[in-house]
Every structure is written in structure tokens, then in C-alpha cells.
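Each of the two complexes below includes chain A, the first together with chain B, the second together with chain C.
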Partner chain A sequence: MNGPYFLSLLVFSPLLGILLLAFTPKTQERTMKWLGFLSTLPSLILSLFAFFQYLRGYRLEHLAEKRDWIRFADFPFLTESTFVVRYELNIDGLSLVMIVLASLLAALAAIASIHIKKEWKGYFMLFLLLEIGMLGVFAAGNMVLFFIFLEVTLVAMFFLIGKWGGFARERAAYSYLLYNGVGSAILLIVIAVLFARAGTSNMELLKEMLHNPAARAQLIAPIPDGLRLSLFIALLIAFGIKLPIVPFHRWILRVHVQAPPAVVMLHAGVLLKIGAYGLIRFGIGLFPDQFRDFSFLIAILGIVNLLYGAFLAFIQDDFKMVLAYSSVSHMGIVLIGLGALNEAGMQGAIFQTVSHGFISALLFLLVGILYERTNTTELDRLGGLAKAMPLTAGSLLAGAMASLGLPGMSGFVSEFTAFFGLFQTAPIVAAIGTLGIIMTAVYLLRAVLNMTFGASKSGAAQALDMSVTEAVPVFVLLALIIMVGVYPRILAEPLQAAIKMMMNGLGA
Partner chain B sequence: MSMHTLLRYEWGVMTPEFIIIGTALILSLVDLLMPDDKDRRPLAWIAFVGVAIAFVATIGLIPAETTSILHDTFRLDAFGKAFKLLLLAGGALSLLLAFDYRPKEGLKHRGEFSYLMLCALLGAMIVTSSGDLITLFVGLELLSISSYILVGLRKTSVQANEAALKYVINGGISTAMTLFGMSYIFGLTGTTNIKEIAVEAQKLTDGEYQYILALAFLLLFVGLAFKISTVPFHMWTPDVYQGAPTPVTAFLSVVSKTAGFAIVLRLLITIFAAAPARGKDTSSMLLSMQDYIAFLAGATMIVGNIVALKQRSMKRLLAYSSIAHAGYVLVGFAAMSWVMIDSIWFYLLAYLLMNFGAFAILQRMSDEADSDDISRFAGLYQRSPLLAVAMGVFLLSLAGIPGTAGFIAKWNIFLGALMTEPGHYVLAAVMIATTVISYVYYFGIFVQIFFRPAAETSSLRLPIGLTLIVVVCALGTLLFGVVPGLAYHFLGQFEHFGDFLQ
Partner chain C sequence: MMEMAWIVPLFPLFSFFLLLLAGKKMKEASAYVGMLATFVSFLVASAVLADRVGGSTYKAEQVWLAIGSAKLTVGFEVTALNAWMLVIVSLVSFLVHMYAKGYMQGDERFSVFYAYLGLFTFAMLGLVISPNLLQTYMFWELVGLGSFLLIGFYFYKEEAKAAAKKAFIMTRVGDVGFFIGMILLFLQVGSFEYSDIFKAVQDGTLSQPMVTLTAILIFVGAVGKSGQFPLHTWLPDAMEGPTPVSALIHAATMVAAGVYLVAALFPLYEASETALLTVAVVGGFTAIFAASIALVQTDIKRVLAYSTVSQLGYMMLALGSGSDVAAIFHLTTHAFFKALLFLAAGSVIHAVGTQDIEKMGGLWRKMPLTAALFLVGALAISGVPLLSGFFSKDEIFAAAWMHGHGVLFWIAVVASFFTAFYMFRLFFLVFGGEERHGAKDVHESPAVMTLPMLVLAVLSVAAGYIHTPWFGTFLGDWLTDGGYAHEKTPSWMMIVAAIVSLLGIFLAWLMYGKRSLARDWLSSRAPLTYNVLLNKYYIDEFYAWTVGYVANAISRLFYYVDRFVIEGIASLITATVNAAASLGSRMQNGQVQTYGAVTFIGLALLVAILAFTGGYL
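Then we have the complex of A and B:
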């Protein structure tokens, strides 16, 4: 555990799988699926190991890695460490939780990938590349590294959607590429401005330089308040596209519908969370003053997301679209929590990212299982699943319950905490927001009851229930959802320190 | 000038140039004396070896002190050495392309291919080292005229003839503008030596003269825009790139462009950096012209990237992409930060690697059917996964995705634009926005390669020369993308071109 290579190993272990896959003959379908799944295990084991060690009091600072990498400008009048980008990985409670989420969902999504029909080799190579990108994003210790890993996910996703997606896959891939390309580009501007003017992209150093008047002298060029404000707004837009915040949400609809369900598990479960993670890490971490000024707006944006998503989810005919809008709606709760600007809200926001990660992964897992058998996800053509596929229908119902925030499941804890936070700071807004919770119940029940009960429709009549391989990830996810719902301390404890630190930064 | 003074010069500093001249001479004689029915492809190998030796000789010259010979008309300084290495590398790769160039109708003038390319390369090298307007112009014309012939080398092709004609006419106009600008400079300062001009230009405190000098600046810059194919002299690029034989296209897009940037930097910085002006910065004409350069850079990026969206022909697409890339490099120039020359050099290095790689694969794909439509790439992944992945690396690098040299290069330029005080935010924003636009067409090629089914299923074999290029370029693109420190370390020897203005 003390090895300084621990995090590198965690992040890059899927690389081994990629190499092995490269030398596997094209036709060995079973071998490749096994390889794909097994290659996700090392990261999972390592991250769980770190997680439980952390719960037992291990200090994560010991895991930090720092190696020399690139020095961009080597001028005699600059100090040794200026314009240096180091290979820095380090984690705190928040990133550890996200890493566990990512590696767990990656392993489960790898199991769900048994439904992939063609070119398994390329699929699993890209899938593992995507996993490296996701893990790296959360482990990165500086902004440049964060960006690089983010772009890895972008490229991998483009191919995964465009090659293995549904009917309109190429369009979906493009829309993913462009929206996220714009988001990344804006993020890159922020990173470059900070790097060019502060000479570093290390998070800790940047924090120090931006807020400690004594360290300000080290800046290469000044970063005045006006510039900070623009940078913060740019960050808000960049991560607003990835989260997504409402006017920027069109791309996730296409991705949710067109991408293969196993990939959507990761997309909805982890990739959307990078937006939330980025907002917390960079938005709050680097620009707490601006974040405080904008907190009300962020809460409002959250409410808009919540209501808009919920309303549109209600009128969809395709279950995938319902879930897509449900993602938009649930991300609103993250924003609400962040906008509350207090400890409860922050905790609720982070809980919601994790909880929605599990729930959306579960629901898309089930979508994959359904689609495999019925070839449709349209609500009108599904019905009576409870008779033909009792297990699937039951899990679907359970997932929907978790999503609408039934007490005892993870959705309840996170929504409750987030709203609890907002009620303390902006009660009226929060009161309006609670409407969203009711609407969530309405649209989810409408969709799920339509599918499970009623007369059997053509698609579902003779369908077989889920197999053991399919059932394993379903029950793992259900167990996790209930565990977080019943015993939220398992999340609250590792997050405590990280949240404390952020609240200190916000001066609250 | 007596024999004695002639012999006293340190001719050693011109070794690379002499090697190129020698090889070109030998090749032209061999070509002349060779029976007509003999295959002339090996000539390209000889030329390649010559360029390789010149490359080694240039590396050998790196420790040499800054020297100037022939009454300061030929300067060997860090700038010249660094850029010559790029030019020679580009020349060598073009010759490898030429070796494996197999147009459908056959190529009658294969011998000319090799030695004309050497002549063009020689012109480019002289340009980077010249300390006098006269030598500079001679080098420029040597490069241009050789290129005109090279473009029209496929005599029976209508497209090639059209391309050559367009190239000559556009080139003529731009040369005229450059000369016109030079004539003003000569009129104002009374000398053709660049450094003396710089000294004289500093004395021009009269507003009238400054006005004329500013005019000369713009004329020079616009005239030279032809070589680097930036707005307003970019229109020739797609037609010429499409009509010219692929090796020549690659040569124009990399070597000729690199030489163009070398002149722009050498001439404009030396002459105008310290000349007084009336604009926003009265102490430096160059700084007061920053906005105009920035405007042209922005326009170039926008035009290049937007028009590229509509292209079906790969060569035209790469032509517009090369316009866009020239725009990015101009951002580095317009920003005028202290990393300017370093970042431009690195960009041109990355550009050399990724562009040659892409052209090598394009040449293989288009030669077999005499078509460079983008659909030629359909199903490349099925036909040859390795080649598809290599092309993927080049395209990702051109698009500026992390992990490739293209990203680091763009990042350098970008940083330069933001490092200065005040930062060039608008320019940086345009650069990044157009980069996102460029994703559309670069990833459009990915769609063909990876998503579309193959029209033909025959497996692809890559000839030896092209294989060499693809391997070297792909490894280089990845290497400099992951450990750019290697290039920086190498660049460190030149000490940030501190002897540039001495």
C-alpha cells in the first residue's frame, strides 16, 4: 500500500488488458469477453482496498505520486518549477469515492457487454481505454493531467458510440464529440490561462497562489478579479455541458438512446459525474468567492434542470428517453445541493452523484437486458413484463423506486440531504424544487408500471428472464443502492474530510 | 574579390548546402546519361542518402559558433541550424514519398523529381540562413521555381497543368508584392543587408517614413503569406495540392511552409523589432503591427477550418487543414511572447511528422485508384488495422488530441498567446474554437476508416519507403506527444535563439 506506484497501477492496470486483447485472435469471442471483464478487476480490487483502508484511518496523502514530466519553457529567468507539468496523481476522500464508483461500474458494465454483437476486440480495447480515462480524471493531481484523461474518455466514447451504437449512432457520436469538444475547449482555455499566468497547473499550488496574498508574488502575470470571474463562468459552462445543465443537454439524449446500454451505464454512471466533480474540484476549489456569488444562480439552474427534466421525462414514449431526461433531472439535484452552499447541501450533491451513478447504471443494465430480448424500449410495445420476466420487472421496479427517492434506498438519502441543505439557505426555491420530486415519482411510475403490468404486448410475451450472468450485476447494484440507503455512513465517512475542506475554502 | 579572400571564408558552415548541391548535380548528370528505358526510381534513394548526409552534417554544425560569411549574406546561427534540420527532415521524407509514387499513367520524369526537389530544398535552406535581402530573394525564387516545375510534373494530367499554372501566377503576384515591399525598405535604408537595415530603420523617427515602413511591412507580410498559405494568399493551396503529385503536395505543405515561416520570422523580426512606429507601441513597428497579424491569423484559422468541412477530396481537405495549421502557427507569431520561436519550431516539427504520415497513407490509398475521395478510406480498419491505427494517430495529432505531438505543439502556441501581458484572449479563443470545428472533418475521416464497410476487401501492402515514413512519423508523433521533453532538450542547445538579433 505504501508503494508510490499504487495510483498509477490503479489507473493504468486496464492497459494490460488492452495489450492482451491486441494479441488475441479476432474470432475468439469468449476469450475476449472474459479478458475484457477480468482486466477491469485489478482497478476494482485496488480501489476497494484503498477505500477500506481509508475507512480504517489510512492517510491518503501517502499515496500521492509525483514525477517529473514536461517542462514547457526553460528560461534562465524562470525558477526551476515554473511551467512544469508533473505527472502527479493524488486522491482525497471525494476522488476515492468517485474512483470506487468508476471501477465498480466499469466491471459491471464489462459484464453487461456480453450483449455486444460484433468486433469485440476493438470494443473491449476502447472500453478499457475509457476506463483508464475515467480513473485518471479522478486521480489527476493537476489540471493538465485532468484534461488529458478527459480527452481520452472523449475519443474512446466517440468510437464506442459511433461503432457499436444503435441506428443513428454516427449522429450521436458526432453530437457527443462536438458538445464535449466545446466543453473541453472552454476548460482548456481556463487551464491554459491559469497555467500561463501562474506557471503551474497543480491544484494545491494554484489554490495557494490564487488566495494567499503572500504566494501571489510567484505569479508570472496577474490574475485580477475580472479575469477570475470570467474563468469561473467559463468553468461553469465547460462543466455545465458535461453535467449537463439544461440549455446544453441535447447531446446526452442522443447518447443515452443510441449508445450500447453497457456504455451508457458508464456514461450516465460516471462520465456525467465528471461534470459535477469538476465543478466541485475546480469551481469551488479554485474560485470559492465567485462560487459563493453564483450559488443562488446555481441553485436556480438546478431547479430548472430538475423540473424541466422531470416534465419532459413524463411525455416520452421511449424508456431510454425517459431515463435520459431523468438523468438531466437528477443532475439538477447535484446543482441544488452545490447551490445550497452549506455542508448538508454539499454532502447531498456528492451523495447524489454516487447514488445516481448506481441507479442509472442499474436501469440501463436492465434496458440492455430488455432490449436484447424484445428489440424495443418503446413503452407502447412493452407490457406485462411482470408475467414473462418477473426478475427483470421486479428489479426495474426497485430501480425506479430508488430513483424516485424511496426511503431506505440511496436516492432518498441524497435528495433529502440536498434539499435539507437548500431549505436552510433558500427555502422558497427549495419549496418549488420539491415539486420536482413529485414529478419524478409520476414519470417513473408511469413508465415502469406501463412496462411491468398490463397485457403482454408482442415483444415481451415469450421473453426469457435474465440469466445468471445478467443477474449478478443487477443484484450487486441493487445491494449497493440499498446499502447506501440504509447505511449512508459508508459514504459520509470518507467524504467528511473533503467536504470540511471545501467548506473551509468557501468560508462557511 | 580576390581568390585569397574567397578562400579565407569559413566555407565549412555551408557544408549541408554543398552536399545538397553536389547530390543534385550528380543526379542531373546521371539522369542525363542514363538510357531512357532504365528505371529512375533508385535516383530518389541516392537523393535521400544525400539529404541524410546533409542532415548529419547540420547536426555536426550545431556546436559551431554563430558565423557569417560572404559579407554577411550567409549566416549560420541557431535559428538557421534549427530550421534547416526541419527542412532536411522534410526533404528526406518527401524523397521517400517520391520513391514510392506510382501514378496510374506512370511517371515519365522521375529523374527530375529527385533533383528538382533537392534544388527546392536548397532554396529553402538558403532562405533560413540568409543575412541579406538579395540572397534571401534568390533562395526564395530557387524554392519557388523548382516547386512550380514539380507541381506540373505530371504533364499529361489536366489537373496538374491547372495547378502548375495557378501556382505560377499566384506565386508571381506574391513575389512581386514581396519585392515591392523590399524596394521600399531599400529606398528607406539604402542597404540590402538585413542587420544594417535594422540599424537604419531605428533612425526613422519621421512620421512620413514610418508610414512607408509600415506599408513595406504589410507588403512583405502579405507577399510572404503565399509561401505559408495564410489569408489573403491561401486560395492557391487547395487547387495546387490537389493537382500536384502527392510527394510534391507533402513537400509544399511542410518544407515550403517551414521555409516560409523561417523567412517571416527572420525578416520581420530582425528588421522591424526595434523600428520606431506610430501605432500602439511606438518603440517597435513589429509590436504595433501585432493586431494586423493577429487578425490575419484569426482569419486564416477560420477560413481554413470552415471550408475544410465541405471537402470530399482528401488532398483538398489536407490543403485546408494546412491553411488552418498555418493559422495556428501565426498565432504564435502574433502573440510575440518569449517562447515564440521555440513554440513555432516545435509546432512545425509536430506538423512535419503528422502531415507526412497522413500524406504517406493518402498516397498509398489514392494511387491505386487515381482518386483521393474520402471514401477511399472506407473500411481501412478492416483492410489493414495497423495502417488504420497509424492514420488514427496522425489525425488525432492534427486535431490536437492529448497524447500526440499535435497537442503539445498547440498547447505551446496557446500558452504563448496567454502568457503575455495583456493576454491575447480573443485570438486564443478563436484558436480553440476553430480546433473544435476541425474535429468535425478529422473525425469524419475516422468515420470512414472505422465505421464504414470497405468497398474492396483486398489487403493493403505498403511499399518500403512509405512503411518507413509511416513508422517514423507515427512513433515520432506519439513520442513527442508523451515525452516532449526530448524535443525541448534538443531545442535547449539553441539557447532560445538568443543570437538571432546579434
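Then we have the complex of A and C:
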């Protein structure tokens, strides 16, 4: 593992695919699909390599990269690193896990993209651009870089939804852009204020300056408690839109329904997680005191998300909508874990981001397979799929079981750990939240059994079961879900150091 | 051998994976894979039991997940109770595997059926060797999955779909109680290990209210799984599954898991009179409640299902009366005779193609072996002297009486009368009298089906003698490690029990055998009572009108909030922006004066802000 270029290589390797695609004739469908898939592999291999090296004791600090980039002011009285934005990439256990998740889902979503019907060239170029953005977000070492990568995902997603989506794709794309644009704007203000007052946007330095009394002297201007509070609330809203926290969730419904399933795999699997990641990185990392004061509210918000999403998922007529509200509901568990303000909760929250990444990707993969054959995901028009498509129906049921937290699958570990954390700090709230465990089973079984059990309905009666190409990502995801469920240490160990560090920050 | 106990559940798991992957090609051979796996499990389990009889408890575990400083472990433990359960589960599972080869013959998804059976057996065996609550909970949910898959085996039937869903959700309601209770226990004790929990109970580290609270919460889980009132409604509906499944899961093993759980945590319950009383009352009530419903049902499997609910109530009553031995003893005998009854019922259903007892009759002549075996089971469950049910039920009566539950004791006695009556009502209607079915070519089932029934029949007769006041309380002594204090059952109690059960049989004979009493006695004399019983006290309807209605109402409410309030506010914001934009564009009117004014106001504002904030926003 060669330090100075490793992370850059990891993040920007899809660029090669974009270049190659640019020179491919646009009628070459097969070539482009292959190219799209193959270009996701280098980052996958590199991230897995880093992951296993880290498990064997490699220190991630060696991977940090730092290069001069933008210098805003050159006053003699300022030190070398003031008002400078550097190109800084570095990762810890948490970002590494997120990078593995992103690169893995990107590869699988690229396989699922075989169902894309038109303009493959543009699609895959944007798809790979999206991947660069996702990887970059998690590898960024300062807030400016984080923001730039975040905007890259925004632009790429906007076009992916708007061009390759369903009937109401344009409305969905604009809705996506509006909500996330507002979120980004708020985030940008926070970054600007911090940069102006601290003279840096490097996360480590910021953290030092905000908390360490000795380093506080380096601040250009003081950051009083009132300002900290407003910055924290701004961050909560900015990432609350992304996660999403009710009532900022309306946009994800449209995206879930309208975007092509392969893109939703990444949207639900990775992009929503940027909200969780941001809350942890910046919310807890930079403003631990404010976070502590707000933790009870965050837990309540989590319960609201969990129950609100679950009850709404219960009466949806379209399976995609069920899954959309299910995402809202499951992100509630992330908030519950964070609100618990202890190691168990934090671990549960991070487990849930990863677990929901796998599970939602699996379910949308199956939605794609289904839609390809039946042209609908409306519950009333589907039924008895288990007869014609036993593999698909079985996988769907397995996905639902994972999602409702069946032990032996990843969903259980995260749900259990998060609740385990919250019961320590707020047992009554947690007990109310367990109603969500029942409701999740209710709405998922209602939806999935409606589609797979019962009498065969027209349209699905003669459908072919999934092909080998379609089955590969399904089984990879199922295997991962079961692996985390049975052997959770594979996730817990790389996260340990990062969690410990954050708990220290929180003073717990 | 005990250190190898962990291998017992793995054979059925292997069978599950193998059949899932290659079952389609193996077809009928799938049955042999399943049978072989469970048979090997049974052999190893027997060896473990033999080892445990002469030895002491063995436990091994390792870290599964570290959460901060808390280390959660997985492993296995061979206690007397665990070893005993291992043998029962693997034995009944093996017999059902064998039986199903005949019963499921020709089914399109034959191998899938065996795969699911393997999954279930794996989970059930895993459940009974778990050394801690968390692991128990995990397998607890997995047996629920196995049950769900097998109830919904005939997935194309709407009833099967509804029943599977209901079973999963109803038991999950109970599981949440288990979930909360388990976490609360951990927060107090710092461990999920049974041994640590017992130690904390003993030391008094666990406060009395906490003991009661956690014990009752975990009991809620047991109520769900063991079909106790008020979470019992899923179990009769679960009869939509194939009959071998009803025998294995919904009679002999999984539904007894609730009883097992309370027994495994018994020191916790013993520490709280309130918790014990709750268990006893729920059990006693369920026993008579379900038995009364069974009196009038006309579906052979549903009668047996309500009978199971009632018998599980007996076991809970035993636990609540402080006798875990009586509960486990009855669990054992019940596993044998109820599995036998279900398999015999399956044999009948297989032959006549209906489950309606009104459409059977006269099968004694056509299926003599099945009839005889069913009779053995019926006699055993009715508590006729010398058969296993007599001894195990007596033990429960004695426990209830000794523990001072006079009312519950008499309730149990009446329920026992009901039991004898409904079992023999079933027997006379199905096997006696004239033929009322239209099926031609009714004949005895093949040997692969009758052989397991034969084995179970022998056990139904003989299993009682492992624990009798006459020859020795071997089971009790062993389960309690020699500390079994058997207060002698008063002999009047045995006589009462025997008379009650014989009376029940006699009454059933009068009504359905000899027919000197009118069959519609109840329905004509007390139509209201009859209808309430026939409709199972309208519990399902009650739930639909309360829980179902409320859940729907909340969902609707949220739907309108989402659709109109939240979306409305979002639209309002965009509309405001739009309005501002059009206002702005209207100001682009080419008049330099306006521009100048706007510029000036803007500049003034900026200066003001700068002045107020001192340069930094």
C-alpha cells in the first residue's frame, strides 16, 4: 500500500472509465455496460484491500494525503496554514467502512444497470461520476473538499433521475435538487463561518481548535457558544434533509419511486448515509457539547422517524413507496442510536447505516428485476410470484426478513445494538420505540406476501425467474447480510477505534 | 460427548442448505437427506444425554460482539434440561421427517418442504442449547421463521398467507416483551448468561420490582410463542400448514419453547411471587378457555390445535405453581401424544381428503391401525390411568394444589374433563358410526407413515414411567440434580383425576358413540354460549376492531399529515420563492432610478450589518 497516492487512486479510479466511455461509439451497448461495470472494480479492489490490511493492523494514518491547493490570503502576519484549503484525503475506520460500502454497492448497481434501456454512454459516465462523488465524500479530509464531492453526487444524481427515471422523473429530479440544494446551502454557510473564524476547514484542526483550550488561541475570531449552537442546528438541518429526518423526507419518496432501481440502490444504499456520516463526523465531531444537549431530542426524532415511516409504509399501494417509507423508518434507528449517546448506540447507528445499505440495495435490486418483467410494482397488481419466480420471491422474502430484523441477518444486529444503547439512557422512549419492531414486521410482510403469496395474477404468471447476471448481485448482498448478522465482529472491529475516539470527544 | 453438543443442530442446517441448493434435482431423495440428518442429530443428542446423566453441566462460549466494554457471547451449554430437550426435539423431528415422506408424496415442492423442516429443526436445537438469553432470543426468532415458512407452505392459498402472516406478527408482539425484558436484565446484571442472572437474583443485586418486571416481560414472549391467552389466536390458524408441520412445530416443539424459556429462567420466576402468580393465572385460564373452544369445533386439526393451547396452559400453570419439573414432564409426554394425535389426524386427512369431522365417520374399519393409534393418543391426553398423560397431569394438579391455588386446581380439573370429552367426541365422530364422507378408496396409510406413529404411541404409553409417585421420580430427581422434593400426591387427587377423565369419555360416548343423548344439546339449549364457543369468543373480531382499526386510523392520519400538511408547507415555500422571483423580475423595468434606490438600500443594509456585528457574521 503506497501512501501518497493510494486514496486518490481509490477515489478517482472511475475517472478512467469515464474517459474510456467517452471514446466508445454510442451504439455499443454491451461494451459500455461492461466498461461501466469494470470501471467500478479498481476502487472496489483497493477499498477491500485497505479494509483487510486495516483488520490486520495497518495504520490508516499512513494513507493520508496532503497537497497545496487554494490559498485565499497571503498576509505576512498569518501562519503558513491559515486561510488555505488543501487537497487533503484521509480516512479512519468509519470512513473506510463507508468507502467499502460505497464501492461495493457501486459495483453491484453497475451490474443491475443492465436494465437501462437508453443512452448508456451518458448513463454510465454519470454513474461513475456519482461513484467518485460518493467515495470522495467519505475520504475528504476537510470540509471544503467534502462539500465539493457532495455537490458532485448532487449533480450526477440530478441527471440520472431526470433522464433515466420513470414517468414523473423531471419533477422528482427537481424535488431532489431543491431539497438537497437547500441542505447544501446551509452546509456551505456553516463551512464558510467556520473557515472564516478558524482559518482552516481541516476537520482535525477544527476539532482541536474548537475544544482544546491550548489550540483555541489559533482561532482568528472566537466562536462563542451561541454561535456554536446555531452552527450545530444548521448542521442538523442540512444533514437531516439528507438522512432524511421527518419532516424533510418528502423528496426521497419521489426519488425512490422515479429513479431507475439501479440508481436507487446507490441512493438508498449510500447517499442517504451521507446524512448519517455527516451527523457523526461534523455534528458529534465538531460540536459534541451541543450534540449532548440535543441527544434526547435526536432520540425522539429517531422514534418519530421510525414510527411515522412504519405506519405510512403500512398503507402504501406501491412497493417502491413501501420501501421509501421503510427507508425513512430505518433511518430512525440511526438517530435512535446516535441519540443514545453511548458506545452501544453509536455502534448501532453505524451498523444500521451499513446494514440498511446492503438491505435497501438488495430490495431495490429485486424491484428492478421485478419491474423488468411485470412493468409494475403496485401491490394490487402483483400476487403469487412465488410460483413463477421462486428465486426472486424467495430473495424478496429474505430481504424483507433482513429488513425487519431477523436474527442471523445484519438488520437484527444494528437494531438490537441501537435499542440496547437507548435503553441505557432513555428506557421509556426506547420502550415506545419497540412498537416500531412490530410495525416493521407488519408492513413488510403485508407488502411482500401480497406480491409473492396468494393466487397468481396476470402479468406475473408467466414471468421468467432471475437470470444468472441478475442473481449474482442478489446473492452477494444476501451473503453479506448474513455474514454481518452471524459474524458482526467483521464490522465491529474496524469501527472500534473510531467509535472510541468519538466517545472520548463526547466525554463519555 | 458433551463438548460435541454444538454439532447436533448443524446436521439439520446442512440438510437445509443442501436441499435448498440441490433439492430440485434430488426430488424424493430429499426426504432421505433430511431423515439422515435428523437421525444423526438424534444419535448424538442421545449420547450427550447419556453423558450428562452421569456428569455435570458443560458450557463453552466465545465473544460474538463487543459493544464498548460489554462482551456478548455465543456458545452452548449442556444442562440436564437442555440435554433432555435436545433428545425430544431431535427424536420427534426425525419421526416427522419420516412420516412426511409418505404424507407429502407427490408435492411439487417436496424438497423445499424438507429444507424448511431442516431449518426449523436447526433453530429449535440451537434454541435449547443456548447458554444465554440473547442467543436464545436469536434462535427463538429463527424457529418463528421456520414456523412462518411452513405455515405458508401452500403459499397460493389465501388462508395460508393470512395464517403465516398472523403467526409471525402475533408472536412478534410477544417477542418485543422478551426483547425489552432481556435488555433490562442485561442493564441490571451486566450479562445475558443464565448463570450470571441467577447469581444476581440470589445475591439480591436485582431489585424485587426489577425481577418481577423482567420476569413478566419475558413471559410475554412465552405467551406469544406458546399460544397463551391473549396471544393465542395465531396457533389454531397455523393449522393451514401441512399436518406433519402441525405435529412437529405447532404441537410438540416450537410452541413448547415458551414453557422451556420460563423453565430455563426458573430461578428468576421463583424469586417473584407476582411473576409466578401471573404465569399460573394465564396458564390456568388458557387451559380452560381453549378447552372450552375445542368442545364445539368441527375441524379435526383445529380441535387438536385448541387442545394444544389448553395443554400448554397446563404447563404454564405448573410453572406458575412453582413446579418446573411438572411442566417439563408434561411437555415431554405432550410432545409424544400430541405429535401422535396430529400424525394420526394427518393420516385420516390424507385418506379422506377433508378436515371436517362431520364428513368423516366409520373409519375404524377402513383404517384400523390409525384408529387404534389415535385411540392411544386420546387416552393418554385424557389422563386415563397408567398412560403417560395421567402421570404428568397429576403432577400438575398436585403442584397447583400444594402451591395453594385452590381455584386454579379446580379449573384444571374441569379443563381435564373437557379434554377427555372433546378428544373422544373427535374419536367417535371420526372413527365410529357410519361413513359420511364421499371419498372412495379409503385405505390405511403406508408404513412410512404408520411406523413413526407406532413409535410415538409406545412412548405415549411408556413415557409416564420416568416420573411416577409409584416407581420413582427419576426425571424430577435428575432435572433438579437430586434436589427434587416430592410432596406425595394425595391419593384422592389421583382418583378424582381418573374419575373426571373417565366421566368425560363416558359423556362423549353417550352423545357421539351410543347417541342416547342428543348431539345438539348445547346448540339448542344455549345457542348463545354455543355460538360464542364456535366463534372462539370473538377474539379475532375483537382484535380486528380494536388493534387493526387503530393501526389503520393512525396510518391514515399520518398519510394526510404527510400529504397535505408537510407537502403543503413545502409548496408554500416554493410558492413564496416564486412570488419573490416574479416581484424581482417586475422590478427589472429599465428605470435607472429604481435600480439606484435598490442599490443604495442594499449598501445601507450591508453597512448596518457590518457595524452591528463588528466584521464577522
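Observations on the model:
Rule of thumb we're sticking to: the second predicted complex is superposed on the first by the 507 of 508 C-alpha atoms of A that agree within 3 Å, B and C clash if a C-alpha of one lies under 4 Å from a C-alpha of the other, contacts with A are read in each partner's own complex, and residues count from 1 in each chain.
Rule of thumb we're sticking to: a residue touches a chain if its C-beta (ideal position, glycine included) is under 8 Å from a C-beta of that chain, and two chains touch if they have at least 3 such contacts.
If you're wondering where the values come from, they're calculated on a predicted model, not measured in any experiment.
Placing chain B and chain C on a common chain A by superposition gives a clash between them.
By the touch criterion stated above, A:A221 is placed in contact with chain B and with chain C alike. When the two structures are aligned on the shared chain, A:F314 is found in touch with chain C, with no touch to chain B.
In the superposition on chain A, A:R292 makes contact with neither chain B nor chain C.
Look at A:A196: by the touch rule set out above, it reaches both chain B and chain C. Residue contacts after overlaying the shared chain place A:K207 against neither chain B nor chain C. Touch criterion not met for A:R171: it reaches neither chain B nor chain C.
Of the two partner chains placed around the shared chain by superposition, chain C is the only one that A:I437 touches, whereas chain B remains out of contact.
In the superposed model, C is the one of chain B and chain C that contacts more residues of chain A.
Of the two partner chains placed by the overlay, only chain C lies in contact with A:G454; chain B stays clear of it. Stretch 225-233 is the one of chain B that runs into chain C, the other listed stretches 27-35, 225-233 or 459-467 having no clashing C-alpha atoms. Contacts of chain A with chain B, set against its contacts with chain C after fitting on chain A, overlap at residues 178, 193, 196-197, 221. Of all the residues in chain B, the ones that touch chain A in their complex are 338-339, 342, 381, 396, 401-403, 408, 411-412, 414-415, 418-421, 423, 425, 428-429, 432-433, 435-436, 439-440, 443, 446-447, 450-451, 483-485, 488, 492, 496. Of all the residues in chain A, the ones that touch chain B in their complex are 69-75, 83, 122, 147-148, 151-152, 154-155, 158-159, 162-163, 169-170, 174, 177-178, 181-182, 185-186, 188-189, 192-193, 195-197, 220-222. Within the complex, the chain A residues that touch chain C are 178, 193, 196-197, 221, 247, 250, 308, 311-312, 314-315, 342-344, 347, 384, 386-387, 401, 406-408, 412-413, 416-417, 419-421, 423-424, 427, 431, 434-435, 437-439, 441-442, 445-446, 449, 452-456, 488-489, 492, 496, 503. Partner chain A is touched in their complex by these residues of chain C: 63-70, 137-139, 141-142, 145, 152, 155-158, 160-161, 164-165, 168-169, 172-173, 175-176, 179-180, 183-184, 186-187, 551-552, 554-556, 558-559, 562, 566-567, 569-570, 574, 616-617.
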